[in-house]
Amino acid sequence: MNEFNKPLSGLVTPRFGAIATFMRMPHVDLDQAQGIDIGMVGIPWDGGTTNRPGPRHAPRQMRDASSMVRPMHQTSHVVPSQLANIADLGDCPVNPADVMDGLKRVETYFKKLVAKGIRPLSAGGDHLCSLPVLRAVGEKEPVGMIHFDAHTDLYDGYFGGFKYTHGTPFRRAIEEGVLDPKRTIQIGLRGSMYDLDDFAWGEKMGVRLVRIEEAMEKGPKAIMAEARRIVGDGPTYVSFDIDCLDPAYAPGTGTPEIGGFTTFQAQQMLREMRGLHIVGGDVVEVSPPFDPSGVTAHAGVTMMFEILCPMAEDVAKGRSK
Amino acid sequence: MNEFNKPLSGLVTPRFGAIATFMRMPHVDLDQAQGIDIGMVGIPWDGGTTNRPGPRHAPRQMRDASSMVRPMHQTSHVVPSQLANIADLGDCPVNPADVMDGLKRVETYFKKLVAKGIRPLSAGGDHLCSLPVLRAVGEKEPVGMIHFDAHTDLYDGYFGGFKYTHGTPFRRAIEEGVLDPKRTIQIGLRGSMYDLDDFAWGEKMGVRLVRIEEAMEKGPKAIMAEARRIVGDGPTYVSFDIDCLDPAYAPGTGTPEIGGFTTFQAQQMLREMRGLHIVGGDVVEVSPPFDPSGVTAHAGVTMMFEILCPMAEDVAKGRSK
Amino acid sequence: MNEFNKPLSGLVTPRFGAIATFMRMPHVDLDQAQGIDIGMVGIPWDGGTTNRPGPRHAPRQMRDASSMVRPMHQTSHVVPSQLANIADLGDCPVNPADVMDGLKRVETYFKKLVAKGIRPLSAGGDHLCSLPVLRAVGEKEPVGMIHFDAHTDLYDGYFGGFKYTHGTPFRRAIEEGVLDPKRTIQIGLRGSMYDLDDFAWGEKMGVRLVRIEEAMEKGPKAIMAEARRIVGDGPTYVSFDIDCLDPAYAPGTGTPEIGGFTTFQAQQMLREMRGLHIVGGDVVEVSPPFDPSGVTAHAGVTMMFEILCPMAEDVAKGRSK
Amino acid sequence: MNEFNKPLSGLVTPRFGAIATFMRMPHVDLDQAQGIDIGMVGIPWDGGTTNRPGPRHAPRQMRDASSMVRPMHQTSHVVPSQLANIADLGDCPVNPADVMDGLKRVETYFKKLVAKGIRPLSAGGDHLCSLPVLRAVGEKEPVGMIHFDAHTDLYDGYFGGFKYTHGTPFRRAIEEGVLDPKRTIQIGLRGSMYDLDDFAWGEKMGVRLVRIEEAMEKGPKAIMAEARRIVGDGPTYVSFDIDCLDPAYAPGTGTPEIGGFTTFQAQQMLREMRGLHIVGGDVVEVSPPFDPSGVTAHAGVTMMFEILCPMAEDVAKGRSK
Amino acid sequence: MNEFNKPLSGLVTPRFGAIATFMRMPHVDLDQAQGIDIGMVGIPWDGGTTNRPGPRHAPRQMRDASSMVRPMHQTSHVVPSQLANIADLGDCPVNPADVMDGLKRVETYFKKLVAKGIRPLSAGGDHLCSLPVLRAVGEKEPVGMIHFDAHTDLYDGYFGGFKYTHGTPFRRAIEEGVLDPKRTIQIGLRGSMYDLDDFAWGEKMGVRLVRIEEAMEKGPKAIMAEARRIVGDGPTYVSFDIDCLDPAYAPGTGTPEIGGFTTFQAQQMLREMRGLHIVGGDVVEVSPPFDPSGVTAHAGVTMMFEILCPMAEDVAKGRSK
Amino acid sequence: MNEFNKPLSGLVTPRFGAIATFMRMPHVDLDQAQGIDIGMVGIPWDGGTTNRPGPRHAPRQMRDASSMVRPMHQTSHVVPSQLANIADLGDCPVNPADVMDGLKRVETYFKKLVAKGIRPLSAGGDHLCSLPVLRAVGEKEPVGMIHFDAHTDLYDGYFGGFKYTHGTPFRRAIEEGVLDPKRTIQIGLRGSMYDLDDFAWGEKMGVRLVRIEEAMEKGPKAIMAEARRIVGDGPTYVSFDIDCLDPAYAPGTGTPEIGGFTTFQAQQMLREMRGLHIVGGDVVEVSPPFDPSGVTAHAGVTMMFEILCPMAEDVAKGRSK
């Protein structure tokens, strides 16, 4: 039997008890972390939010909700904690008062994390959080990305030129060379628009943009077959914006758009990622003030678990080589 | 460039700011209105409600939620404010204490509106609000109607003979000759029943009644193909009762019925209305006291935008002739 | 005209008025009950709940919500109160402080009820409530069961050996010989797992386990065709755990699992039960503290009505023989 | 031991169980009522509401909340069910679609109730409900009244002349001669005003108007000493509008006014009514849609119990004469 | 009769109807404003918030709630709209993405407003909003201030030196010479502390700091007598942070502290300001995401009305000189 | 400078960030604990709840809310973390399925804790949790107690003889000799009653019972002066049932009683405990399902801080001897 971290047993403390960590995994401080394969991290920061704020509060609510996640996946029967050494690394440092300094703090933290050989699976925060994480995981070579979202987040700026908001992270990441647009697919795009600029720019760069209508028409399997072709065998990041789900399934988010995915559809898609080389992932834009009941957070952490399973399989595959 | 009204730019005031008007369009008083093509109007009245009250509060909540609607439609790329001169005309006069006087006030207001050449797109209020609006838009010739609803609203009376409630507007409109039953289709009908009377009467009059089971079986496109055949080229009214949506998508309504449409399905249907001669529309039965979060209102105003787009296209088509 | 109990007319008291009974049927005390065919009963007990408590409060909230149910079914046009003599028998005795005594009290009550020739349709309470009811309806011969749930509830024990929780009722019922595993089908199973034990045990016993993925793939009709084959003509119990629905449709429950059924899908399945010999049923795990709005309870009582209709038809068929 | 009705024992069914009746007293239909001294009645009607509707739903929520009330009063140690024969008479007939017919139905019901020698303690409904009850209890001779409220409810009309709203009941009752203004005191008046008319009219008629500032300054005992002097030994009605409480204590009401009483202050006042000849009472304006949690209803039913105790004492005193 | 703006009459549109403006006063754009004495302005900005965000959404919710405010004050019988020309000037420009630019935009707007001879009564926004307003009203000479708050907002910096947050506005205002510390009193201070620095600095500067314990002990009248002595006859600003109220009365705020004022106490204090030379005021820190019910906003706008009345009296006094 | 544990600095992680521990103190496992003076412990258990369940979820919600507590007390200026070595010990083991085993687990844990020289300050759970803690702190000699509650919790049994519920802990503790009734005072008692038994038994044993009416009349200082006399210099336990507060201040609890304390009054009382020999304390009966907003939990943890301060002072006094 391996010596990987195990989730706290429900026989010692019931699932609703104990200090809440992600999926009841032990809390390990990054500075003390040794031999960790996958680090779950909270990013309590919404410095890029332009309208309804709140995701800074998500990591706590998601940790609480994650107690509902049991160790084994329902269809693959994967038990991630048996395939990889996983820990809750706590929350990364942020700066609620300064966007540029906040970006720097998050980037520094995740570069240290990556330097330790850890793959990050983080819980935002708003979608700007993905940018500094990509700077870390894409530092050596640009990563591909499977991106679930109602929005492209490929805007150029906001409010007369602000370059770093939750609507711009992937344009910046492509410009900075940490994200490979030709290995990037965005799934679930929808909602009324200001103009066509963000779509046009993405398509020009080679990003595959999948509007919700196409996704609904073709279905999860076909869409994901294309996603697998696009990202191929290279290092791939998975970014799951909770607003890709319909507000009926995820009311607690800042920029809801009706007409989105069901959680079942999202799960069907995420389950097609087995075998991919997933080097990091995140679930972002859960906003507790807009859903104190925690229904949205529960959906969010279940999606984290759906990402964690193929990540852990990939870790194990790498180890066995 | 035309001189149509434009929505308030987010560069001046962020979307969550400014006094809330429908889709950030300027507020113009009906008496001062000149050259308006489409008037968005609130009807703060639920005088016809027989069970759980509240839609009188909807126009305000819907105006607030409508800030989330951006200028351009996501699939048609129509920008209604570039095709037609649109304004928020404010709320029409009502009478919360007297049903018959209330009906008269609303009718008078909308007849004045129609006389000015404005097409109304209103936010109820309960479904009785549609009757006085139909009296205005159907005054010269009866209109056809595409009607999304869980209920037929074709009852004869209520509580021993009351003729004017939110369950009777379209029976009255047909009787009064302002609504053409043979050019009317009702989509999404469901829920337990008192008896078969309302369905039988509707069918006898020639209304096309589409139960939810049929709509789910055939799908949005087929249903709407039939709707287009039924209403044809004549003047058509669109009435969207928010309870056609499943309560998961629209909990804030007075007479919810489970087993309804998703917002995606509703959008698919509304998008098949391009090219129709839409002379008016409404979204009714949003009830803020039963959903203070505004999720239902957000769905409602997005449906208003889905109706506004083909209305504006029809206005532009009429102008170009 | 028969002399069956009739629901309180809305012409005497509007639907939101009067002391709340299930579907506005008269309240009859079990001891006084004469000639009742179907007894609707509340079981205000969640003594088997291991995580988030609350279903003890469900019967009241469900009675309140049940006022929205009208007498006639929307597709079959069945009016149960015209086919069978139905009453609200109130709440059965429970014991909030002792699980074993609680089980005994519920069992005793339902044995008395069954001895009077009444078929029970109960509103839990948590899922442990089904066990003592099955002891009553399966006392003479084991019953078959159509079981809608996210979970198998076939665990052996909890927390180091506790045998009677809401995760174990059907293992106990099979062991006790009141439930026939070979005539049992479970539909909608999903969610992360502790291990494979409950599934393995069920399959070994001959229970047909339908995971949500299979149910979504095949669709309601195919799944129910198999259910009908499995339960056949024998006495059949219907148990509807509200958590078979997706949390978007039923947030008020203790162990939600994302990726579940819509209410429309559930209705489609329940409507395929016409002609079966349904000797009892329940709707369980509605938890009012987690949904004070009553949306979940409304879904729950509508499902009760969907079960009531084929039950009443079966009663009438039995009477006419 | 007397043979009065007893509340359902918690040893048979826990307080959260059983079909909800007021304070767990047996439900007796008015037509069958024999020997009842005090009848608790729901009036599910808000036909007089001019702004935020909802009190029609209060009787049910108040019955549910009333399970928290135990049989004995905390300071007087009075057990009303030992002093008087008390029943829950269910809800009285109303008309949600017609104010004048609604008034007539309620009046007819309460006249029948009074004719049977029953004293009513009702749960509204909005404050217009008090008018038809006063027509019954004040039919033979005008009653005095201790009235707790943020508003005088002495307006002459509404919206250009409507005479019967929840702002006018006591002006009507005085005009009709069923309420004696010189034996009437109103306590807790506050909130911004349209004009001075209602206060001026009340003072002209001899009503004692106690603004909140005076009540806070003098304190519960002094105010109630004056109330006792004003109503004297004659038949007295107690009307408790929940909006006399501060919204912090009773958020679920249609016309909240900040700066109101605490529940403790209200209890202190109500407890000074011992020995008065209380012939009827009501608690009105609880609005469940604005407080689904039931906190307001809980405050409301506790106030009902505070009124019930001195009523029962007065019944017993009358019997012993 | 004067020609001042009048609130929209409830006889035309009921209080819940019409596009929401502050207290139903007409909306006038600042650029068009002529002869306005008092301008009510929304500041949809919470750029200084360090913990739980949300006040950017307050102006809309407060406008909606302000419909409950009637024209006349309950104790003074002042009708502000008869004493001064009042308008809702809409929301001022802000910048959600940049604190320093946001401060500049707000300052510029209010300097223009003051230059037009208008006294501002604004609805925040977080407390940082007060700083740019003070820069406008205190530009010519430093103003005094009566400040109701749980916190001093006299911190020097935040998070390692950020100088402009909602915890620092009054330290900045004093340093900038627009606020006279010797004419400033802070009332209601409480809550656990980081250290004593903010209190010590304030006392050193001559600010009168009134902890909640002292305020409760002495009572509203004595505290306000001292406040009147401190501010004297000079130009005085009134800043009301909603968190001076206890969270029971104002749950919707970002930094709640238990043990606060009741609304009644706050009203008692505000009513002692008659005769002061009030040149501006604000109500800040209402946070709609933390109270979608609007109870907090309702308290907030009622406090705005309490400030508006003595402001209007002072305007009238100035005019009559 | 001492080497005591310090709360996580807000300069590293903002107050809303990081894994939530009580008051941001470090998490130390009991088995590893060395030199801890005061251990904050969660008891996620409501096995004694007889009506509305939920306190099992309180420790997590209270940890989250406790981030709002800053290091220094507002009036005493005590900084507990400078006077004593304090840690969050996590949650103690419980058993959600068996009351007797649960009691044993909690008792065993706290005896181990006490044996390590740690004073417990726990967050329930329901009030039955206090019994096993008292068995630990009162093992060597019975402790005195200052008990804030709406209820005596001195009932003998429940539901026909169940001896261990949240209504009986202190009768058991007195019977078991771990609580000294003559050194016990109960403050805030109120609410309707079943009978007089619990009060009579308490008085017979010598417990000082302070009804809310007496507490309101005499005021915090006088009541606490008596409390100090009663408990004297001996070891004293402080038990704070959140339902001693009025439901306006603490809606999230299972057995609310209107007419309770304000948080200000409660703080005034708790602040009179300086100098007492406080050997342990708890805050119980916070029920998150009945208040997802966390307002109640926030009140609860602030009361924990009020208890922690004099506890830490007593620890320091003991050390300096």
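Quick notes
Chains here go by letter, A, B, C, D, E and F, matching the order in which they are written, and residues are numbered from 1 within each.
The rule we apply is simple: a residue touches a chain if its C-beta (ideal position, glycine included) is under 8 Å from a C-beta of that chain, and two chains touch if they have at least 3 such contacts.
Fair warning: this is a prediction, and the values are worked out from it, not measured in the lab.
Between chain C and chain F, the least number of touch steps comes to 1.
Counting the residue numbers used at the interface between chain D and chain F, under half appear in both copies, so the two copies meet with largely different residues. Annotation: the C-F interface is duplicated by A-E among the options A-E, B-C or B-E, judged by over half of the residue-numbered contact pairs being identical.
Two chain pairs, A-F and A-E, are weighed by contacting C-beta pairs, with A-F ahead. Averaged C-alpha coordinates give centres for chain D and chain E that are 39 Å from one another. Contact with two or more other chains is made by residues 14, 16, 50-52, 56-57, 96, 159, 246, 248, 290, 293 of chain A.
Contact between chains, as defined at the top, is found for A-B, A-C, A-E, A-F, B-C, B-D, B-E, C-D, C-F, D-E, D-F, E-F. Of all residues in chain C, those touching chain F in their complex are 46, 50-54, 56-57, 95-99, 158-159, 162, 165, 289-290.
Interface residues of chain F, counted against chain D in their complex, comprise 50-52, 159-160, 190-196, 211-213, 216, 246-248, 251, 255-256, 258-260, 290. Chain B meets chain A in the complex at residues 10-11, 14-16, 68-75, 77, 246, 248-249, 262-264, 267, 293, 295, 298-299, 302, 305. Within the complex, the chain C residues that touch chain D are 12-14, 16-21, 27, 42, 44, 56-57, 59-60, 63-64, 88, 90-91, 93-94, 96, 292-294.
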